[in-house]
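Paired with subunit B in one complex and with subunit C in the other, subunit A is shared by the two complexes that follow.
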Partner chain A sequence: MAHFGPGKTASSKEQAGLRYPSNGKTIYHRPLHRTKTAELSQSSFAYLFSEMVSYAQRRVTGIQELEKRLNVQGHPIGLKLLDLLLTREPPRSQARPLTIIALLHFIKINLWTHLFGRQADRLEKSSNPDTPDEYMIVDNEPLVNAYISVPREMSQLNCAAYVAGVVEGVCDGAAFPARVTAHSVGGKEEGEMWPGKTVFLVKFQPEVLEREALFGKG
Partner chain B sequence: MSYYFAIIGTQDNPLFEYEFGTSKQGGDGQARFSEQARHLNQFVLHSSLDIVEEVQWANGQLYLKVIDKFFNNYISCFMTGGNVKFLLLHQPTATAAGATRNSTSVGANPTSPQTEEALKNFFNEVYENYVKAIMSPFYKVNMEIRSPVFRQRVAAAGRKYL
Partner chain C sequence: MKLPSCLTVLALIIINKAGGLIYNRSFHEAGLNKLNTNDYLVLAGTFHGVHAITARLNPLKPRPGNRSSTASSSGPGGLLIRPEPPSGLEVLESENFRMQCFTTLTGVKFLLFTDPTQANVDLTMRRVYDMYTDYVMKNPFYQLEMPVRCDMFDRKLGSYIREINNR
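So, the complex of A and B:
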């Protein structure tokens, strides 16, 4: 707190050692809005992602730890995307998600369209009465898993844990703290329509449901 | 009319602060706070965070308008999606507030629609620059924003609208 004293405000212009890019353009000179839908090459993403997975795989002892690391890599992206996608909304429909449903819709529609060029396939609420805090986002074939074949001995691994991290970041950022995990649910038999089907299980903290109940009545 | 602007992070920690005065109606853009008031401003601004937490769930808008008033200090709030608060304390000059109660100028009447619109434009411009700041891959949530370019941009938005 000390250097936040009111005397400081005027003096931070001359900061020695700060380097500017040679053309004088910083991140503040770049536009936030895309004029057309700019897409990235999927093969370069797949290459980068495979490196990220093998990086996360170093010095881990189990699959859970590996998934945790992928999750951590995605988390800050979710925090940032939340604000970016909100600024890209047209001003009239620009609103912070206030309920779980609004938040999940934002994830299913805005986040998925931005990241993968299409909406998530389904949104479900847990039918189990013991777990009213669990919601599921279903993706029939996650883009991140397109070129990943999981070895038999690691069959519980789902590299979409990275996407789960992004989703968790969005939830945490919007003040709906949650744990998000990715699970493979596609059948293994021949002729299965979606062998790579993945469920993102969103488990909200109890205080979120408490708040939801409070505001829902009022 | 003097302004004190601060960005407050998700843990109620300050990320950025800036003081300026009005540039409208011949203002020179300098804040006219006394040395004592400058310390009080920080306190007044942060004490309104409790009200922000109530208001933020009643209304999904980003711009929450004037949320708090302490004597002649008005606090306007803008919430980002990531629960970071932009708070602006505005203090109309004492004479202007008394003499021209029905004035619609931005400086004199803190709750008029014209002022609200001007503040909204100011906040939106700051928000755009804030989002650019957090887009930096080296920026983590709740880090202090030190970029001089960001400060210049906030100053420019202040000159343009307030």
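So, the complex of A and C:
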């Protein structure tokens, strides 16, 4: 019994472009809250992420570029998650975050719970007077780094640059342009409780701070 | 010199598909003799060869298509089920140690050296294999068939075995 008869190819030639399922329902017909509690196998994600890192590594010449690639891969996810998570909030708290603190709390609580099932561990403001625009989100054990051991010659690399990209996407989408980078602060000693501790440094653009200052006054 | 107490895991060796040593670690200093690196490599290669030979040393040849042979040769639907191929060397016991070999489906061999009186070696072996699949296989910086140099694997393995040895 032939699987690829001439009749089939003729019909597929007419039907160029998007194909729709036979019941006419596309992904846009699905209810938004359906996948609210959906979970994904951690192993599947680990393998996919491992391949993403290898793929990026083959095309770059340095650690900064590798982190940049991972960052760029996470950015569109952040943009889409911002809208999705705001829609899923109960109607009373559905307001867009209008201040830096509100945005960072949204990231720390909602975004982290959606992605990793728990809140981020700490949120800090930089105490350095030269850089009032820097904020830090601390995660003791980033999920994406769970199975990754970075070799010693690349010890500056932190694959949580991907998550930093997601956070950057959320900030950019909420009209708070920022640059987010991931830094490992966990020590390598034997008794270290959180060897994979990562700090996501969020550095907002100067216009954001100007706007904050104006808002504060008005 | 303190004799190893019961329930001790002494060493772990991992051999790749081609017979090369890719991981070697001792957990109990007083348990096994210390060899130098070259000796471990030779040990791994020798074991690989021995394992291959023992896999072929099967005196019982299964008789195909013989209706009166033992029940395992044909299944419920009348299909012929191939008898399981003989595995190579699995356990090696001596007075001072017991070595168990776990062969994965991809040809990687895990050799676990324990005290002869240790129970639940299968469970320990399984947990070691789980750790291998997690922290070595899912690591993007690990090249297949190369020596294992994964920090997370060393750390998790160390704490697991230390927990067993100190119980």
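What we mean here is this: the second predicted complex is superposed on the first by the 196 of 218 C-alpha atoms of A that agree within 3 Å, B and C clash if a C-alpha of one lies under 4 Å from a C-alpha of the other, contacts with A are read in each partner's own complex, and residues count from 1 in each chain.
We adopt the following convention: contacts are C-beta pairs under 8 Å (C-beta built on N, C-alpha and C of every residue); 3 or more make two chains touch, one makes a residue touch a chain.
This one's a predicted model, so the numbers in the text were calculated from it and none came from an experiment.
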Which superposed partner A:104 touches (first subunit B, second subunit C, both, neither): neither
Subunit B versus subunit C as contact partner of A:96, first or second or both or neither: first
Which superposed partner A:27 touches (first subunit B, second subunit C, both, neither): first
Partner chain(s) touched by A:66 [first = subunit B, second = subunit C, both, neither]: neither
Touched partner set for A:154, first subunit B, second subunit C, both or neither: second
First, second, both or neither for A:79, with subunit B first and subunit C second: first
Partner chain(s) touched by A:87 [first = subunit B, second = subunit C, both, neither]: first
Contacts of A:180 with subunit B and subunit C, given as first, second, both or neither: neither
Superposition-derived comparison: subunit B or subunit C, residues of subunit A touched: B
Subunit C to subunit A touching residues, read off their complex: 134-135, 138-141, 149-153, 155
Subunit C-facing residues of subunit A, complex: 43, 46-47, 49-51, 53-54, 57, 147-151, 154, 159, 195
Subunit B-touching residues of subunit A, taken from the complex the two chains share: 1, 4, 6, 9, 12-13, 15, 18, 26-28, 30, 32, 76, 79-80, 82-87, 94-98, 102, 173-175, 211, 215
Residue ranges of subunit B touching subunit A (in the complex, touch as defined): 10, 14, 17-19, 38-39, 41-42, 56-57, 60-62, 79-83, 127-136, 140-141, 146-151, 153
